[in-house]
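A, B and C are the chain letters, set down in written order, and residue numbers restart from 1 in every chain.
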């Protein structure tokens, strides 16, 4: 698949590098950086699956992330459940919300810009609800109490690293599967030309709902991880536009519709984020650069930065 | 529920809607002609509002007096943005324009955050605190002025579109761009001008809003959802729809704040937005 | 195989289809002709579920498929191509055709094999790795045809597949259409290129203002004065009959 195949980097080498990284670079700072990159990869891959592979651009993807973060935290804090249950619960919550939003939106026939708008609206609606409702902690948010230990899903930093690495591997695995499966081929068809896809026997409604559920599950899992790693969530962190934009940027800048695009995007965004933090205390510089990058990429490298890395090009 | 409280909320809501009208009209014009959803609309408004703020605090220009300058400046900004960026980088694809305007809004918002920090800024002019009695409601004078001026400017814009040659060219391109090209209309130029006019509306809106509102880097977010809801509610590309939609949304915001309280009240708008998109995406006054 | 009765579709004030009725026999090549705006593409859209008729019925292989959704009708065995080709632009020719092939298998290797076989049948074997966006009009039409064929249809609806092709390209496509029919696929084509209609079609249906005004063999239809009038206007048939040749 021209736009979708892994390209030049062997997945195994990459996996090895990821696994060895914290053993080589042992400082808290380095491991944390690794966690951030892998975390953004998961989030970016979630957006990528829906937006890049299936062509359904969402401007409110934080809704799945937030739902996962809140689901796992509420389960743990208010219902006293075993913290590790939060991970599958978050994925399930993300999948359910993904199914719901997709079913409603696609049944109404929303496409393109209208779909982007409604995802924005849903994220905003969830943010307002989380802010106003009691059991989510309202505007104050939820604090996951510090209880270090495997059982309470609070690991050493390196433990978290390997956990997020596993999630990232799963997300990349899903992307690779999409490039080789009928489901992925159908999503590509839907992305390129939905009416032609329907004419060729593809139940586009069902496939789009399926992909949003998958994407939601991944983002939900990411949300659970976030809550456990940072130990704090609130409505604007969980459902805010900033998060939605971040998920979109990671995928678009790295290369939407490709397997490793989100990894590249995550890497670059984390790099820029850390560098600007070193340069200046003032907020916002990194995002200025991200926004400019997005514009430049749309203008000059519509396939994302991954195009720069492909020295084996296809004939047009 | 007291009738006077209800009445006051309703009147305030309508006045608020009037302020939103200009913002929405600009957005719907841009959609009607270019068929693009301008995600940068909120942040461009934010930019204009900072402009008004600095014109007052640094150059001592009253916001209302600044109207002509702001309208001209924002028109120029919009025109240049379209020519240099949007028109050129989108390669004609809809999804690209979506992402470019998103990128633009990200850049503008964070540039504001970087340069102006995150504080909310208010302006204070002589008439900021003057109140006028309007039936059961006691409204701040700036809000009333904003409402009236908004309607006047919308009317002027409508006249411009109806009566002038340029307005006709704009309508032609909006209806049938290929046909317009064939009869010799410079479609790219009309696009740039239309985008400019849409942004000029934001310049005017900023002047009218600042006396009774605040500006911060994220104020654009608020207006984006509101503006999009209005435009989708009223029907993309419909002037009248934008006006009526603005009043409805203003009312909704005011009344849902009254009934649901501050925190939950905001959901009224998102809820309407979602419902309209699901059940009548062409809006109330669809073409 | 295909029975259409009283099909009506009104858009706003326009009666795009006005009680259209026709039949297509299994194993035949049938053609749908008519002046521009007669409603031919609307008919195809109504047959394949892209447009839901206001009244009337469509029976395919003995089953009522009126108003069913496009993907369901495709799975039953009726597939259409589009007048303006609708390629999956950023995918290769092989990947395009595989989308059709995936209807009957979930295995990538099998789908690829089938796609390559279909591509060779339509003469696109050389172009399998090309990106669809870079193809010529003629190649895009072939790919659209191949894609539809890959779904293993019983009835293939071709919407102006010859449009935009030069005479030699038309000459190459015609035997292909015949070969498709010979392999067991019924073909129903909308065509303006009369050369193709005359030599390919066994039965021709003429659509005008949303109604079928004549049907029969190509020769019968060509001689029918109502058909002449539909194309050339009222009274044309008489004037022509009064003149030297029609």
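Heads up, the rule we're going with is that a residue touches a chain if its C-beta (ideal position, glycine included) is under 8 Å from a C-beta of that chain, and two chains touch if they have at least 3 such contacts.
Please read all numbers here as calculations on a predicted model, not as lab measurements.
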Central subunit by CA centre of mass proxy: A
Which of A-C and A-B has more C-beta pairs touching across its chains: A-B
Chain B and chain C: spacing of chain centres that average the CA atoms, whole Å: 48
Centre-of-Cα separation between chain C and chain A, whole angstrom: 43
Distance from chain B to chain A - Cα centre to Cα centre, in angstrom: 32
Shared-contact residues (touching 2 or more other chains) in chain A: none
Residues within chain B bordering two or more other chains: none
Interfacial residue positions of chain A with respect to chain C in the complex: 1-3, 180-182, 185-186, 188-189, 192-193, 195-204, 314-316
Chain A residues touching chain B - in the complex, by the definition given at the top: 55, 57, 59, 104-105, 108-110, 112-114, 116-118, 120-122, 124-125, 128-129, 131-132, 138-139, 241, 245, 248-249, 252, 282-288, 290-295, 298-299, 302
Chain C residues touching chain A - in the complex, by the definition given at the top: 48, 50, 69-72, 74-75, 79-82, 86-92, 95, 98-100, 102-103, 105-108, 111, 129-131, 133-134, 147-148, 151
Touching residues (chain side chain B, partner chain A) in the complex: 36-37, 39, 85, 88-91, 94-96, 98-100, 102-107, 109-114, 117-118, 217, 221, 225, 228-229, 232, 261, 263-264, 266-267, 270-271, 273-274, 277-279, 281
